[in-house]
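One structure below.
All chains are identified by letter, namely A, B, C and D, in their written order; residue positions are counted from 1 within each chain.
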Amino acid sequence: MAKQQIKGVIPPMITPFREDGAVDYDSHIANMERWNADKLAGYLVLGSNSEAAYLSEDEKIKMMELTVKHAKKERLVLAGTGMESALETIRLTNKAAELGVNGALVLTPFYYGDKMNDEALIKYFTHVADRADIPVLIYNVPKYTHINISANAVKVLSQHPNILGMKDSTGNIPQLVSFLAVIAEGFNLMVGTVSAWFPALTLGIKGGIFALANCAPNECAQVQEMFEAGDLDSARETYMRIFPVNTAVTATYGVAGLKHAADLRGYSGGYVRNPLLPLKDIEKDAIKTIMQTAKLI
Amino acid sequence: MAKQQIKGVIPPMITPFREDGAVDYDSHIANMERWNADKLAGYLVLGSNSEAAYLSEDEKIKMMELTVKHAKKERLVLAGTGMESALETIRLTNKAAELGVNGALVLTPFYYGDKMNDEALIKYFTHVADRADIPVLIYNVPKYTHINISANAVKVLSQHPNILGMKDSTGNIPQLVSFLAVIAEGFNLMVGTVSAWFPALTLGIKGGIFALANCAPNECAQVQEMFEAGDLDSARETYMRIFPVNTAVTATYGVAGLKHAADLRGYSGGYVRNPLLPLKDIEKDAIKTIMQTAKLI
Amino acid sequence: MAKQQIKGVIPPMITPFREDGAVDYDSHIANMERWNADKLAGYLVLGSNSEAAYLSEDEKIKMMELTVKHAKKERLVLAGTGMESALETIRLTNKAAELGVNGALVLTPFYYGDKMNDEALIKYFTHVADRADIPVLIYNVPKYTHINISANAVKVLSQHPNILGMKDSTGNIPQLVSFLAVIAEGFNLMVGTVSAWFPALTLGIKGGIFALANCAPNECAQVQEMFEAGDLDSARETYMRIFPVNTAVTATYGVAGLKHAADLRGYSGGYVRNPLLPLKDIEKDAIKTIMQTAKLI
Amino acid sequence: MAKQQIKGVIPPMITPFREDGAVDYDSHIANMERWNADKLAGYLVLGSNSEAAYLSEDEKIKMMELTVKHAKKERLVLAGTGMESALETIRLTNKAAELGVNGALVLTPFYYGDKMNDEALIKYFTHVADRADIPVLIYNVPKYTHINISANAVKVLSQHPNILGMKDSTGNIPQLVSFLAVIAEGFNLMVGTVSAWFPALTLGIKGGIFALANCAPNECAQVQEMFEAGDLDSARETYMRIFPVNTAVTATYGVAGLKHAADLRGYSGGYVRNPLLPLKDIEKDAIKTIMQTAKLI
């Protein structure tokens, strides 16, 4: 059976917290209502930019329920369900399936990183995908995991009928090419950072999961629209215009920066959880300037 | 109030699993009964060598209960209760306190590693220690976290009345010296690998938490006994004799290797959980040879 | 005065050695005669793929002389003249100028790498460019130097009238974008690996200095020709076809692999110098297969 | 024939430069005259702290000549003669031999670092040692080379009759233990940083080559004297007292810091060469304070 194609832009949704650290579920719903009106292909709940690492299981479940409930019809709902062990990953993935989530984004396990060779990763993802009630996508994000999956492992795993695709957050274009050269037909290779979006499109990549799509969803989508309309110059210009904002809300200021940028564009960013630090005023000013330069505010 | 001194050797206890992946609690109890007869100062449950990253919360609680129940009187019981967020760490730490655990070993949070600067770590550990019902020890293990706490952060945190000490697993002796030079009196700086044990003793370090203490507890303890008796040559010789076994059961073969070495010495190692791979026969043979050379079997 | 534009493909020419380690100058001349008939924009002598680090000063001078002498008229001749100190770099650069070399590719100094911050690199390149009798290009190759120049330093240096451009060998497309966003008009940002060639073209990059251009110069040039003719599909296909060969002759097998690939296509590769190891037969076979798959032989 | 034992402390001598960048040979001679009165076992000319990477061949030769001429009788004179290629290393080593140098400290080649595996390093050092007219010492300094020689390679090379020993500058005590466990009898394993000096002594190491010995030679020597006299407490205290100065003149402020510290103790430090930056006043003040705290001034 052919795998479903994922095309378009998906935000790894921020999780708004109140000042006391509690999840602000109402703000999440409000964000989703706005995003439903934006040019998005779907949603990712419990991603890295969702501070999923900081959520309890109860909070994770509630976030998945609300996301499924409030997502616009026909839009894909993905959830980050990767835990360190196959056992726990399968359990959370199948919980997500019960809640109506469409696909599971599963992080490469990484705690015992020096042991996560090809053999271990192939065995792990195969074991999980064999037992998952929904399709699985591999999540490769060396910035956080210090693991970088090999083309060889991707080649093998792309052939699994229940592994739908991969989000590669490296922004490493030659690496994407090395993956494109070996993946099975129908495997959705997605780019995980807007910093590589336009070049990825020129290589034939169809989908992206972008932190920046939290606060600039339509601009991210326009890059693809323009590219597909054959207007490379506009696509590249839009990409280069939003590029510095992406750097600010990822590498430089991280999730706290992303939440502030979301606030500035009328979404509800909210607080980050300890141990992440809130932004200092000077950092907020810097983000504002960068967004003004990019004509986002 | 003076901080309690931690002196001697503590094993970060392996968690035996059955072939089907279930925790083998009986084997854990059997191991503890043997360790109770060994020269140990206490126990660490839910450490890195316990595959704590692979345990569910229920399993963690049961492991803590059993450890508290079966530990020899007067021996210290520590538990690894570090989660990524302050909220979750406090919750699990205070659960451990309720269960009778004496101290909490708290991992440096690391998922958003590029944001875990001195300010973030100082704020996090202070926040946790302020709210923990038992004393807290910092757990610094860059091999797994890719975070290495600075001497400056250690200096500040060592002054907190509820931060009892630190386990530094780097084996980096110059780093230990830089910590010794700045820590407050009474702060227990412990070494987290036998590979640095004898040199650490010569610097005045009193305690260690060693993977190798799972399978060679008395040999680890003897290095300290000999050193304190003024017999440097015997201490160094014993240290150098067991050193290659330590390399095998940590760097080379990891937890699976440690479990096999435990089996070879009459403890119950059991299986590892997926995604860790079981040892191949050739790896088992290599460990056996290394242990024979070290006169451990 | 406007800076000269560099457009097209330039090989960092291999230096053929005899079995006894002596430079085989005749083979270099023979290679150049063939390359003169290929679609190349110029030549780089004394680059990383030239094993310049292994050449004596006399050998460097002779290689520059021969390259200038045998280069096809109108083609650019660049030479790698970067040494660790400004003093030595200036001396060798001006020697190159005397010999008729057109531009100097100057490596970021790297021995005291932890001290090579923006301030040091800006001061160094400014000092060198002020005193160089020919234009200077910055050579950024973290794979070998473990230094990665910042966008901020590139911004400042791109404004220097005697700094003509930069070769960035990272293949890091988002980094190229961050450079493109800040460089002064007329600054030649060149890509230093074929693994990023097609995506770089889509971003407006005009020139490349490629190891692979030693053995597949026309295929490298065709990617650009097709792209400029508006045939993106052919450009991408050609790029993806030669991509695995590039991986083989750089990352996997290094200079020895590149020399063997050159041999297979009728150039004279020759031996590598100690401490580089010659290829084993199984490695030669692997390269042959990869080149056959890419239809290069 | 037994290898000569190297015991005691050796400074990797700074090279004083004038403000215009010229080598200040007179200051070098003046420094040597003072060091001749200090408790040193010998001298290393052309080491990392000598800015050897910044010297021309003529300057290297003159520095070797002057060092041989002015060294106190019976003291060992070592020279850093490692170049990237075996050919060049042998040439410079045998030039050093002609000039009366007693031993050659040969850096692990590192430019093509990803290819410098055990096989390449064993072949290289064997080839060099076979052809060197004076004994060779391996110089392992990953901080600068990003190469870390393996215990396996050290084991093999330690058996070569013309490889006298090794300077390991990592300060990694467990690594030193792994080397001690495998080296042939008589091989001089020397520690290359004072940050590991006292612990290294407790392991049986007899010699050290220390940046700090440029400005605090007698304090470095006293650690060993006290240790050998059985006074561990004094040895450790002296070691811990000078430890922060070592950090300042290596990791924090580098060669420029070391030269300033030398100035403060009456030696002639002089300027550094471009691209190294001169110290700022605030950095000079910091070094002064650190040295005062250590009672060195």
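We adopt the following convention: a contact is a pair of C-beta atoms (placed from the backbone, for glycine too) under 8 Å apart; a residue touches a chain by one contact, two chains touch by 3 or more.
As the structure is a prediction and not an experimental result, all values here were calculated from the model.
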| item | value |
| --- | --- |
| Partner chains that chain B and chain D have in common | none |
| Neighbouring chains common to chain C and chain D, by label | none |
| Of all other chains, the one whose Cα centre sits farthest from chain B | C |
| Distance from chain C to chain B - Cα centre to Cα centre, in angstrom | 50 |
| For chain A paired with chain C, centre-to-centre distance based on mean C-alpha positions, whole Å | 36 |
| Junction residues of chain D - those touching two or more other chains | none |
| In contact (per the touch rule at the top): chain pairs | A-B, A-C, B-D, C-D |
| Footprint of chain A on chain B - complex, ascending | 21, 48, 51, 53-57, 84-88, 91, 109, 111-116, 119-121, 123-124, 127, 143-144, 146, 251, 254-255, 273-277 |
| Interfacial residue positions of chain B with respect to chain D in the complex | 171-174, 177-178, 180-181, 193, 195-196, 198-199, 202-204, 232, 236, 239-240, 243-244, 247 |
